[in-house]
Amino acid sequence: MEQQKNDSGSRAFIRSVIFGTDTSSGRLFDIGLIVCIIASVFLILLDTIVEVHQEYGEVIRILEWGFTVLFTIEYILRLYSSANPLLYARSFYGIVDLLAILPSFLILLFPGAQFALMIRVFRLFRVFRVLKLLRYLSEGNLLLKAMVHSSRKVFIFFFSVSLIIMVLGSIMYVIEGPENGFSSIPKSIYWTIVTITTVGYGDIIPHTALGQGVASLTMLLGYSIIAIPTGILTAEISNEMGRQRDLRRCSNCSTSGHDAQANYCFECGAELQQEI
Amino acid sequence: MEQQKNDSGSRAFIRSVIFGTDTSSGRLFDIGLIVCIIASVFLILLDTIVEVHQEYGEVIRILEWGFTVLFTIEYILRLYSSANPLLYARSFYGIVDLLAILPSFLILLFPGAQFALMIRVFRLFRVFRVLKLLRYLSEGNLLLKAMVHSSRKVFIFFFSVSLIIMVLGSIMYVIEGPENGFSSIPKSIYWTIVTITTVGYGDIIPHTALGQGVASLTMLLGYSIIAIPTGILTAEISNEMGRQRDLRRCSNCSTSGHDAQANYCFECGAELQQEI
Amino acid sequence: MEQQKNDSGSRAFIRSVIFGTDTSSGRLFDIGLIVCIIASVFLILLDTIVEVHQEYGEVIRILEWGFTVLFTIEYILRLYSSANPLLYARSFYGIVDLLAILPSFLILLFPGAQFALMIRVFRLFRVFRVLKLLRYLSEGNLLLKAMVHSSRKVFIFFFSVSLIIMVLGSIMYVIEGPENGFSSIPKSIYWTIVTITTVGYGDIIPHTALGQGVASLTMLLGYSIIAIPTGILTAEISNEMGRQRDLRRCSNCSTSGHDAQANYCFECGAELQQEI
Amino acid sequence: MEQQKNDSGSRAFIRSVIFGTDTSSGRLFDIGLIVCIIASVFLILLDTIVEVHQEYGEVIRILEWGFTVLFTIEYILRLYSSANPLLYARSFYGIVDLLAILPSFLILLFPGAQFALMIRVFRLFRVFRVLKLLRYLSEGNLLLKAMVHSSRKVFIFFFSVSLIIMVLGSIMYVIEGPENGFSSIPKSIYWTIVTITTVGYGDIIPHTALGQGVASLTMLLGYSIIAIPTGILTAEISNEMGRQRDLRRCSNCSTSGHDAQANYCFECGAELQQEI
């Protein structure tokens, strides 16, 4: 019984350090974790540069293993201290945390798997925990909601654009042909995407007059239709911002219409609380 | 008489399968059709890759003919079962359905016509039939309406831009000349389009200091004027969304102003119907 | 007196044909004029293609002179029939009309001046006269007003961007230097413009790690700041559209708030007149 | 005492000339200063062109020193005549003014420091002093406020995009590898930035089919997500413009809602004052 209680006490303490953001120890842990993630990611980046690898490859390998051991311990502690380990393990962060250590062990079986460690960068989303969490959550939510609301319109847009890209790619294949670098329809479609998104590498370019004409139309099309998803998203973000302003009510005088940035009610001066 | 009735019964059944979207057999048919279209398009793409063509050219040719026969039967059945065959034959889908099979037969006369089969991708617009049709129709209509409403402003914009492109192209031809790759005014205009749309292949580039100056202005112009059609479309989409919200009335309490995403009236809770 | 009257009668007739847009003869003249302008511009374009010039150079030269004579006669008739010749001569169209014929005569003195004839494309703005003029004028005015209203903000934006471009160009010159193609600060600034506008020719590219880092920042900067002029213009166009809707009043019941596209008052059904 | 007064009188006069914008002498000084800054910057630019340096290097060096002496005298006079020298020295303009002369002296110790003189271009922000200052300040403030208000959303956007860029870069490194120019993950990330911002130099391009597929997705991603910051900023600028219109009250009849461009109250016709 005593053991149990003590155990639950240490678990609660670990939980408050690992999952908490209010206490100074919780914040310190989060900051330390972010520093470790950045250092670990940085090492993976550096290790791919030939000169660095030849000089410091061994040191990097040892350090990388150190980080992997650290992250493994952290993952086990998270599972152990979590109120609901299964819920954590299945959450976005739980999966990313697991994927961030797995490749280190897989590398023993499959050499080359170490690059999969780059998935560790997604752990950096924890940065928002150190920053004022709720505010960022609400701003991020607004963006997510606007994207979800506009998803159907954006899907129609991208679906239509995809079909147009396929047809334009085929037309260019027929016009230019393999002798001008358009060696197959899939390659032609790749060129169309490069052109319609205005990237324009210049590795494949039209040589015939007709091909340059169709290419010009493709460019002007790509240049102008970007206005459509931009228009959709702007209208939705604008809507969502108006809606959120309506939702924010002062707990004192229940006036709504406050800015997302406002800290005090413009009517009675009472402090406004952040929405979750 | 009996025969007539029976015939009309089988026609009604075929119609419900081919044109219907409510029954499970109608949905299954649509899904099967989409799978066939995708497979057929995929085959055309693959056949243009030299290695694939040499290895599997014969198999692909046979499969492609199989799809053509399937689509031909489908087209005849559509004509046969349609309430108004002529109306169907003249509709967007009717024309696309015909164009999707014609090139296979034309190829017997003109080799090389098989690439025209890529028009089959447009048949994929039927995807929206499988998805909740009405919703997508209404969202697509909103986009179309916004585009129609802004068409006059966008036309003025593109007309002016075209004239500017032609003049800039001529100026660059005079400045750079054939010795720097600007071999004719049409080619110069092609370069101007590549530059003003910010595609920038790099196949033709200005070499003189003056030419690089004019090119810089062209780039900055292209970089900034994209704001104009975007602004036009955003304002129209925003308008159109507000208008559609006003149009959606609850059939129970006739309150308007519901979101396009809302399923229930926010005033009385009655289910809202989708507009067509 | 009789002569005077007769003269003024023929002048009025010429005026109605040349400047008018309501009568069928006026419309026919405008359409014929546009066809001539397009044909003339097309000839100039074609003449710069070496193969065409060698084959048909003489024919094109004669045709071009024919168009010049035609446009000269038209210009003289415009001056003659105009109610206020000086006002016409000084107007945008008057100046373009003059510039559209001058280079043909200058070529006798300075060979090579014929490319200045490309200024003729600006005469194509007359296209809007053939289309329903007033509508296009009002739509074009809206765009112009929005641009004028946002000009101060856009100026601040482009001024700041110019200074940033100059500083970034200098930094890249110091980092990369002449050995990597950044042969002088002006050339470095040219590269910065190519990069910040996301054109990206690829003729000059950073080779050092530091240079690629600064280049990456330049790209991300250029990619994101385009949002600023777009935001300014969108807000202004949106404003302007709301204002124009408020200005449009029904002459019958004086209700305002009609769409720019509306032809009838939504309140009383009376026909709405187009604003000028 | 007399001396003191006289001194303070000359200081006040110098202050009115150097810092003032209302008097004609103040305006003349500002215009002269801007001309000097432009000339000085222009000289630095020209000096980096090899041909110009060889021919006029000596002349440019002398002129540049002349400008440095002029700007040094001006800086000392600003410090001397300023009401609060420390406040000026610490202000944005004070720091830029100092940085604009320092490199000339540093060059005696470190050759090559002269390019740091390009910081002088930032002195050109004084241009707004010559133009109607208050108006531009208010317009610039609107833009700044909109940017500050949207900064949190834009930060979330760029943070997420950065993580995506790093992961995409790593994936492309694994797919394409050093043999196709993706020599390290940092270089792969550089390529991803070049592609996602639609710059597309074409110096590094994917060669494998899988790599071209991932590249296509990267392009389409970059092409579409630009809509997000644009949408955020547009909504904020729109908001801010509405707010500013509400803030502008007529001092006569206290009607609000005037345009930023309006000079007179639309209700009572009284002149409106510019906000600061």
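Order as written gives the chain letters A, B, C and D; numbering starts at 1 within each chain.
Definition applied: a residue touches a chain if its C-beta (ideal position, glycine included) is under 8 Å from a C-beta of that chain, and two chains touch if they have at least 3 such contacts.
Small disclaimer: the values here were computed from a predicted structure and weren't measured.
K.L.:
How big is the rotation relating chain B to chain C when the fit is done on Cα atoms? Please round to the nearest 5 degrees.
P.N.:
Rotation angle, to the nearest 5: 90 degrees.
K.L.:
Please name the chain that ends up farthest from chain A once chain centres are defined by their CA atoms averaged.
P.N.:
Computed centres place C farthest from chain A.
K.L.:
With chain centres defined as C-alpha means, what is the inter-centre distance between chain C and chain D in Å?
P.N.:
Centre separation, chain C to chain D: 30 Å.
K.L.:
Out of chain C, which residues touch more than one other chain, so two or more?
P.N.:
186, 198-202, 222, 226, 230, 232, 234, 238 - these are the residues of chain C that touch more than one other chain.
K.L.:
Within the complex, which stretch of chain C touches chain A?
P.N.:
198-202, 230, 234
K.L.:
For the complex, which residues does chain C have touching chain D?
P.N.:
So the residues of chain C in touch with chain D come to 149, 152-153, 156-157, 159, 163, 166-167, 170, 173-174, 178, 183-186, 189, 195, 198-202, 205, 209, 212, 215-216, 219-220, 222-224, 226-228, 230-232, 234-235, 238-239.
K.L.:
Under the definition above, what is the set of chain C residues touching chain B in their complex?
P.N.:
Per the touch definition, chain C meets chain B at residues 41, 44-46, 48-50, 112, 115, 118-119, 121-122, 124-125, 127-128, 135-136, 139-140, 142-143, 146-147, 154, 158, 186-187, 190, 193-194, 196-203, 222, 226, 229-230, 232-234, 236-238, 241, 261.
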